[in-house]
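Each of the next two complexes has subunit A plus one more chain, namely subunit B in the first and subunit C in the second.
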Partner chain A sequence: MGLESLTAFFQYEFMRNAFLAVLIITPLFGLLGTMIVQKKMAFFSDALGHSALTGIALGVVFGVRDTNITMIVFAIVFALLLNYIGNRVAAFDTIISVFSSCSVALGLAILSAGGNFSKYSSLLVGDILSITRGEILYLLGIFAFTLIFWCFCFNYLHAASIHRTLAKGRHIPVKMIENLFAVVMALIVMLSIKWVGILIINALLILPAAASRNISENMREYHFFSLIFSLFSGILGLFISYYANVATGPTIVIIASVLYFSTYAYAYKRNV
Partner chain B sequence: MKHKYGFVTFLLIVVAFAGYCFTVLYVGSREKEEEGYFVVTSFYPMYIAAENIAGQAENVTLANLSEPQTGCMHDYQLTPEDMKLLSQADLFIINGGGIENFLSKVAKSYPNLKILDASEDVELLEENSHVWMSIKRHKKQVENITRGLCELDEGNRGYYEEQKEAYLMELSKLEEEQEEIRRKVQGESIISFHEAYHYLAEDYGLTVAFTLDLDEERQVSAGEVAEVISALKDNDSPVIFAEELYGSEMAEMVKKEADAAVCYLDTILRGDYNPHSYLQGMEENIRVIKEAYGVE
Partner chain C sequence: MKKIRKPCGLHCIKINHLGVRLGEQVILEDVNLHIHCGSLNVIIGKNGAGKSTLIRAMLNDIPHEGDIEFKDRENGRIQKLKVGYVPQSLNIEKNSPISVYDLIASYHYRFPVFLRKKKCIAGQITEALKIFEVEDLLDRQVCKLSGGQLQRVLLAMAIMDEPNLLLLDEPVSGVDQNGMELFYRTMEYLKENFDLSVILISHDLDYVLKYADQVILLDQTVVKSGSPSDVYESSEFKEIFGGEELPGYVSGKREKRRRAGDTTWD
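Entry: the complex of A and B
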């Protein structure tokens, strides 16, 4: 396997699309992941991923041709609602679990009507061939949006994650920032769920950031390593999955896990 | 501080290298493509038919899209590996009738790929494309496949025709056996647990009284079980045609509940790539049906 088979990779339109998607989306995963890990929202993003099932089911029920749209709309509503209710109760994890199971059950019930669930089973593990040119345009849009959001709001978000009340006292619109963050999260998760798969999308958000957290000493390092890890596992995972003929999402996640455990061992030994 | 960056660089290189080695080991074990014509079939019965015609031909390499254990193509998803196969193919043999629901994707990605619909000019049952299950129709499919191969590889026409005649002979023998049984069981009704058996039933002149399509990954609701049982009672306990792999649980339960006879029939969707598997599978089906109806 030399250079020749490396270029063979780019002969195919679907691989070019997939490669572009990985280049755009994995840095976003790394970026958002840092805040998700910091704010201990891993469970939140997991629930968000699961809501995709209901989003698609609603699209099917209402006969919408592009289920992407219902999926995104539902996920945004889901995230905002979850934030809203979560702010009022003490046991946030219970609420998330309730929401998550509710939406999964609803989605499964609708999609399995008539015994046709297998048609949607690709959603669970992801299908790399589902990435189209149009979707890449969506991804570019969300990429720009996230970067702008990050540049302007990161400090606020960070402040809120350290001490909410104190942040409020400094006149930071904590609620709005948090809601915006949830919306961005919803958008990114929904736009990549079809090729990553519901079962593992959360791992992609969490693992690079968690691995980076193992060895970082400040915010800059935290972001830098998270980005590198995310991009690296994305690209390597895509290549391996192509040559070894396995699903792409899981391959990426396996690599990210290896990175996590290696950094964990490293940090443990050096007491970083 | 420096140590950390060094570690990360080292880690990434090691992981990338390990991934590379793993992939090379894994991929290296698979065979390389040979010279000559490269023919891809969509799934198992099509592969077997093509294998009987061109399996031994020197300048034709056959490949199948799905794994031999994939089964029906209803919800099949193309993998990157499949796209690679198709991009090299000179001819793509499909069963047709809409069972390959990814076909539009293929046609869009490879507009120049020659696609051979084996069910061309074959009369289909309504919304059911398990054509190969009817021997009569499968013979026609074999002829279509041979024609396609001959057009592709004109030089070997004589050989393909010869292979086809030999294979059709074998199929005709089975057909005669079926005819014999048909005379005795014609008009009886069955309950089918797989759409594929409708073609089989037609060959035997049996009427399908009720269908419950127990396919891969199919979830059955409680109401459907009750429907099956009431259908059994309404139709004076007909024979159940079921697939061993997906239908046996249901069949055994219904058997207990309503005391019906069950035929476990091969849908010839899975197996090794033995060229005789269609003949053997059908032979076995004939034996099972004979037994169920007590035909000598």
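Entry: the complex of A and C
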């Protein structure tokens, strides 16, 4: 081990690409996660990830060549629909569960028709090593877009999450901002799901922010630690998975979980 | 935030024919109110009388009929009404990484709170907090504030952009006598030193008698309004609050009521 193994790591084009992808995806997830945790939308984002299957299935049914497009469109519709219904019913978690299981079942049924599901099973775990330069550019685009969205809309989102009526009283377009957030979430989840995988994408969204929440006292610390934790688990996870020859996504999640439990223990000790 | 101004006594706020319907159900109907500037107006009524709905309608949070006018009394010029609102509680859980600065800056400023703490914004917020003597709480986590502290922070937030009308709920039951007294003193201070009117939902008729300028008895519509003693002696009041046991504002009866374990009217 040492410098040579590090150069060995970077001599492969796919490792360099994966490294770049991690540098873009993880901060993005760290950022987005802060608000998902704050708004208690962990279940929502989970359901959103699962809807990817249905989106692809619909693409297959309608014979669309690029199923990415149907996947993204379906996720956006799904997110907006959930938001719309969520504003009207009290048992929101039940509704999410109903929608989520419904869409997963539909997706699985269609994709497994004719015994072809193995073609799509890579979607469940994801494979960051298969990312190409062009796809990294897409990610960079959504990263820039999210940063701008965050800078302009974070205060509004935050205000609406603390007290809706109070936010409305201050002429904040609460509904619009919440829908916009759902759309941004759908976009990011769908654009990264191929690399991260349906099964663990939610862990990457939630864990860094949840860990950061354990030790932060204000919004600056919350964002800072969430970004650092996310980036740290991403980079370390990529290296470890390379040397230990295990899948990258789960390795990243394991490191993020360790971070979560450490911060939890730290906060617990401090408060006792 | 501008300097504290004395109430000018020249504005008035008129609520005309305000109504709220939920499907077939009528929650509020033809509510007409006249609010003078620099006055403390208290809404009383039983549970389900539509008190909170009235406040939400005035905040434009729910669809409603009728309108709210804000006029100069001298020349009748209509101005834009700025409404401040103090909610009873916030959607903030234990361990939330939200400081008082984050809370207020999110509502009042566009500069993203997660980037950095801006000195000029912190300065302005501190000025507002000072009015309620809570300026040392600027960096405290909101979830760690006591009920009274939170209310003062929320009041500071509500008056930051000089509203003409302040809408609020009395502190929820559980606040002790000292806390209540302090709250009503703060209300008095506000109406005397700022150019604004206050509309307050109350559950404690004794304090209302002592501090209110106008009492509004609500039950789907304004059943009776006027000075506290006028309203308390009216037949409408006795009908709604059940005449004999009341009025609780007669000193001594309060003690009896407390001993019976019934401390609020709700």
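In the analysis below, the second predicted complex is superposed on the first by the 269 of 272 C-alpha atoms of A that agree within 3 Å, B and C clash if a C-alpha of one lies under 4 Å from a C-alpha of the other, contacts with A are read in each partner's own complex, and residues count from 1 in each chain.
The working rule: a contact is a pair of C-beta atoms (placed from the backbone, for glycine too) under 8 Å apart; a residue touches a chain by one contact, two chains touch by 3 or more.
The model shown is predicted, which means the values in this text are computed figures rather than measured ones.
Once both complexes are superposed on subunit A, the partners subunit B and subunit C fit side by side without clashing.
In the superposed model, subunit B and subunit C sit 160 degrees apart as seen from the Cα centre of subunit A, a figure rounded to the nearest 10.
Look at A:Gln11: by the touch rule set out above, it reaches subunit B but stays clear of subunit C.
Within the superposed three-chain model, A:Leu259 lies in touch with subunit B and out of touch with subunit C [touch as defined at top].
Of the two partner chains, subunit C is the only one touched by A:Ile162; subunit B is not. Once the two complexes are laid over each other on the shared chain, residue contacts for A:Ile240 go to subunit B alone; subunit C is not touched. Of the two partner chains placed by superposition, A:Leu28 touches none, neither subunit B nor subunit C. In the superposition on chain A, A:Phe232 makes contact with subunit B only, while subunit C stays out of contact range.
After overlaying the two complexes on the shared chain, residue contacts for A:Leu187 are found with neither subunit B nor subunit C.
By the document's definition of touching, of the two partners only subunit B reaches A:Phe117; subunit C does not.
The minimum CA-CA separation between subunit B and subunit C in the overlaid arrangement is 13 Å, rounded to the whole angstrom. Counting contacts by the rule stated earlier, no residue of subunit A appears in both its interface with subunit B and its interface with subunit C. Against subunit A, in their complex, subunit C makes its touches with residues 56, 59-61, 83-85, 87, 90-92, 95-99, 101-103, 105-117, 139, 141. Of all the residues in subunit A, the ones that touch subunit C in their complex are 34, 38, 150-152, 154-156, 158-159, 161-170, 172, 212-214, 216-223, 267. Residues of subunit A that touch subunit B in their complex: 1, 11-15, 112, 115, 117-119, 121-122, 127-129, 215, 225, 228, 232, 236, 239-245, 255, 258-259, 262-263, 266, 270, 272.
Subunit B meets subunit A in the complex at residues 3-4, 7-8, 11-12, 15-16, 19-20, 22-24, 26-28, 74-75, 77-81, 83-84, 87, 105, 109, 213, 215-221.
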